[in-house]
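Each of the next two complexes has subunit A plus one other chain: subunit B in the first, subunit C in the second.
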Partner chain A sequence: MADTVTFTLNDKNVTVPKGWTVMQAAKQAQVDIPHFCWHPGLSVAGVCRFCMVHVQGARKLEIACNLQATEGMIVRTDTPEVKEAHKWGLEFHLINHPLDCPVCDQAGECGLQDFYMQVGKYKSQMTRPKVLKPKAVDLGPRLILDTERCILCSRCVRFEEEVTKTGALGIFDRGDRAIIGTYGEEKIEHNYQENLVDVCPVGAFTSKKFRFKQRVWFLQEKSSICPGCSTGCKIKVHARTDRRTYYRVKPEIDETVNGFWMCDKGRDTIAHLNREHRLPQSQMRIDGKKQTVPTAQALESLRRAIETAGAEETALLVSAHYTVEEYEAFFHYFCDQLGVTKVYQWRAETEDRDSFDGILLRGDENPNTAGLRAAMRRVKGRTVPIKNEIATCVSKKPKVVVALCPEVPFTSPWFQEDLKQLAGISHVSLWTCRYEATEVAGITSWIPMKGFAEKTGHFLNYEGAKRELQEAFPSATAEALSVVEAVQQMAAIATITTETATL
Partner chain B sequence: MAIIRVPRPPRDANVFAAAWGYLVTICSGLKLTLTIFFRQLLKLEKTETVEWPEQPATYGERFKGKHFLTLRDDGQVRCTACFLCATACPAQCIHIEAGQHPSNEIEKFPVRFEIDILRCVFCGYCEEACPVDAIRLGPEYAIVDTSEKKWVYTKDYLADRPALQGGIHSIKPENEKHTSIGHEPTAKERKSQAHHGHV
Partner chain C sequence: METFARDLREKIQSELTRYETPRSAILPILHLIQDHCEWIQPMHVEGLEREFGLSRVHVQEVATFYSMYRLEPCKPFRILFCDNLVCAMMGAEGVMDKIRSHMASFPTDKCPFSLQGVPCLGVCDGAPAMLVNKERHLRVNRDNVDAILASYK
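Take a look at the complex of A and B:
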């Protein structure tokens, strides 16, 4: 028996694996079927009755999401009956919808709005007043629920049951009084709350963090990788480039790693990228006073310090928050060209590295542990154990330390505390994007780095899979550099200086 | 490119005869001007000229001048911070910061609402885009100031300044969002719409 079926969809032959529904086949064939309750990552509910298609020989219209594709079936999505069904389906969905799009955060990416423009009836025949339901219900630390906007597609209920397996949500009451809610006064407190906002096709669930911050049509999105842990979820970062402000993170569909979801911790990884938290320009401590200097000057002084102290007196302290390409450039310059041999890892002192919450979040909070280990193995020529080596670094009493600082603040709260150990070393150069780094005493220079959303490259995740940061935003601070750029600049300065010296 | 050939007047034509028509027209025009001038000088006729700025001059209500924000019945601004005016604005001169209103009925309101009047081109798109009749362009046209700061109109200034005489209320019902889309207006609503107009 063949394991594929071929059927006709809008006069086009479509071949899909056996067992697929017409909806899945339509997605693959890029035929749009309007739908609310169907979600590729959840089970089929068939409650919205919106994905109607015409099947030749069937007595009435069928729902595409629950219709298994069979050999020789003839399906049409554009007949007048289908269009009529969509119009009336939408009319019924909108009976009690408050139409408060002006105050709704979902406006601009709302299923109701999109399908209304696409297949709407435009002229409502409903004259009765709308049923009023609870608005702006606090449903958890990150969630607000507006039961009036809800169209009862039950995606959120299924998410709670199937993905997080907490089953906190249910549909209460009946008919036009039916509302989504939790049992009693319960709140949703797991780490995957904002996925409910994502699965909600309308504005019933909105995110507290993003609430009223920005209208979605002002945002640009770029594909990147979450730097929150070693899972390496594929994400979309949403920002306004004209204001150089980052607003939110959404998961991007990636079936190999994160599927359709991401955790709430990962959604906080952009807060530190905004200007108020960023190191805007290079700084140096000159005669005990911090001063803003051109990056070239700070890099030149670092190069001189290494030259004076000698490569054997120089140590590199590297955290696993940078891309493979950056490590390559960094180690190539410092180890292969300058001859530095002391390379140490910098990570959390205590971490439950192998823990896993069963869905996505892992205990290793560094996005590129595997990448850093591979790079260090190349430099050191032996296997590198995963541990914090800042104490070892200090005990070797180097005269110059170049530190690639951890980027994401909430996975590295020990950052400033650890830096205090470096006091007493004559030249410490911090390569960091965090402004708080300048508050630490005993540091000689600070070089501003780009955040993860501002560079391309790739991480290696917990299983060594390549996770590609595909697109980069312009940096929120004009002078920020990636490690690659900083190393290039340093090498260029070195060439110029040696050339001038020989003249 | 098309060229239209205009025939030249014949060289031997009488210049005085050709200019006669012009002279007659100029004189009749001057006659009208001078008649009005002397009639108004001798106060036989009302003059339309206003000695602005000593005498006030007003424009009609539909004039697209200085913006203002309309108010709710309780005196708060009607604006729901939907950003549609800011989206429609071709000069990008409207800056809104939205916030959570203490009352769940209102939900979203502008914490800051600023118009950079120097960038504004007075096109009136904001007025057209507004779904709740919260922003309008009024008949005030004299926009004069010295301080740089005053060119950015704040929410308070837009909602309540001396010229607005305590703020303008809209006739549109406040909870309009709860009426369904596209339905036939009731008799009461028709009446309210008929009265709806500018200050």
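Take a look at the complex of A and C:
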């Protein structure tokens, strides 16, 4: 028995695994079948009646989402009957829809709006007034629900039942009074709330954080990896490059790791990237006073300090927030070329590293623990146990410390407190993107670093899988460098200094 | 404290075993509760989740979907008036208006009646038809309806 079936879709032969629906096959064959309630990550509900297709020999139109493809089936998505069905399906969905697109966050990425424009049934034949329902319902710390915009596709209800298994949402009442909601005044509190905004094909669920902040068509998207924990969910960061402002994060489909989802914590990982939280330029403490200096000057001073103290008196303190490529460049320069051997990890003192919420979030809040561990194994020639080593670093009394600081503030609240331990060391150079770092006494220089969304490279996640930061935004602060760039600059300065000396 | 009296608990328990999934038993269980307790209160819905493991969201979905479930305390006399085709042709709407004005003649909160339009009562030959609690009245019209209602005290 063959494991595949071949059928005809708009005159094209399509071969798919047995058991696939026409909808799945159409997705693969890139044939567009309009739909609302079907979602690739959820079960089939078949309630929106919008994905109608024509099957030769069938008495009436069929819904593609629940129709298994069979050998020799002849399917069309473009017959006049199908178009007529779309027209009436849409009219039905719009009977009580408020059509408030001008004030709706979903406008620009709304299924209803898209199909409305496509089908072009602009004029309603309804003469009766629309049914009014609750608006701006506060449904959780991150959620607002507009029940008038809802088309009752039940995607959110299925998400709650099938993915988070919390089952908090239901469809109450019936007919044109039916509304989505929770029982009583209950709020949705789990860490996956904003996936409800993502699965909602219309503007019924909107995100409190993104609400009224930006029109979606002004946003650029870049593919990256969430730095919030060691799972390494594939994400799209949405920003306006003209304003150098980050607005939101959405999950990108990746069946090997995060499927269609990501957690709410991960969505907060861009807050620190905006300019108000960033170290804008290099700074140095000169004669006890903090001053803005050219990055070259700060790096040169670091280079001199290492030369004076000697490589054996220099220590590297490294957090697991940087890419494999950055560790490679960093250790190649400091260890292989300059001869530094004191290398220490920097992470939370106490962490429940192996905990897992059963969906995506892991207790290891560093995106690249495995990558840092591999890089350290190379320079140390042995495997080091994973733990915070800042105390060990300080106890060795180094004269110079170069610190690759943790990037995401809410996963490293211990950052400033830990820094105080470095106060007695004569030259401390912090490589960081965080403005708050400059508030700490006893530091010699601050070098501005790029955030995760501003560089390419890769992390190794909890199971050692390669997670690629594919695209980079220009940095929100012009002076920021990746570790690779900083190391290159430092090496270049060194060369010039040597050349000048020879002349 | 347990939400339901012992005999009701036992009946609910036996309904739960009758179907492939406990969720399927929600309809008959809500009827049981309504028969025992007059109306379905939030504490019943929550009790079903706490004591029988049924999701309160699922229960509330069913309870709000069907108009035959009472989600508010009921008046002594519940009028169910057919508002379907045959009764409508025989003047049901006018009779219901009459009932509404009869109800309005009572001081607020003192009206012993509640009125609800319902689908066909299955006695089209006697249209317009209504039920008052479990008593059936046929050929109700604007002239006799006040006398019928007056008999309920």
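By our rule, the second predicted complex is superposed on the first by the 502 of 503 C-alpha atoms of A that agree within 3 Å, B and C clash if a C-alpha of one lies under 4 Å from a C-alpha of the other, contacts with A are read in each partner's own complex, and residues count from 1 in each chain.
Assume a contact is a pair of C-beta atoms (placed from the backbone, for glycine too) under 8 Å apart; a residue touches a chain by one contact, two chains touch by 3 or more.
Keep in mind the model is a prediction, meaning the values are calculated, not measured.
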Note to self: Just checking: does A:G339 make contact with subunit B only, subunit C only, both, or neither of them? Give me first, second, both or neither.
What the structure shows: neither
Check: First (subunit B), second (subunit C), both or neither: which does A:R174 touch?
Finding: second
Note to self: Residues of subunit A touched by subunit B versus by subunit C: which partner has the larger set?
What the structure shows: B
Margin query: By the touch definition at the top of the document, which applies to A:P474: first (subunit B), second (subunit C), both, or neither?
Written below: neither
Check: Given the touch rule stated above, what does A:T182 touch, subunit B (first), subunit C (second), both, or neither?
Finding: second
Note to self: A:V103 in the overlay: touching subunit B, subunit C, both, or neither? Say first, second, both or neither.
What the structure shows: first
Notebook entry, point to check: Is A:R211 in contact with subunit B, with subunit C, with both, or with neither (first, second, both, neither)?
Noted result: first
Notebook entry, point to check: Quick one: in the complex, what on subunit A touches subunit C?
Noted result: 167-174, 182-184
Next item on the list: Can you check the complex and tell me which residues of subunit A touch subunit B?
Entry: 94, 98-103, 107, 122-124, 126-127, 129-130, 132, 135-136, 211-213, 215, 217-218
Check: Considering the complex alone, what residue numbers of subunit B touch subunit A?
Finding: 80-84, 87, 98-100, 104, 107-108, 131-132, 177-178, 180-183
Notebook entry, point to check: Any idea which subunit C residues touch subunit A in the complex?
Noted result: 42, 45, 55-58, 60-61, 64-65
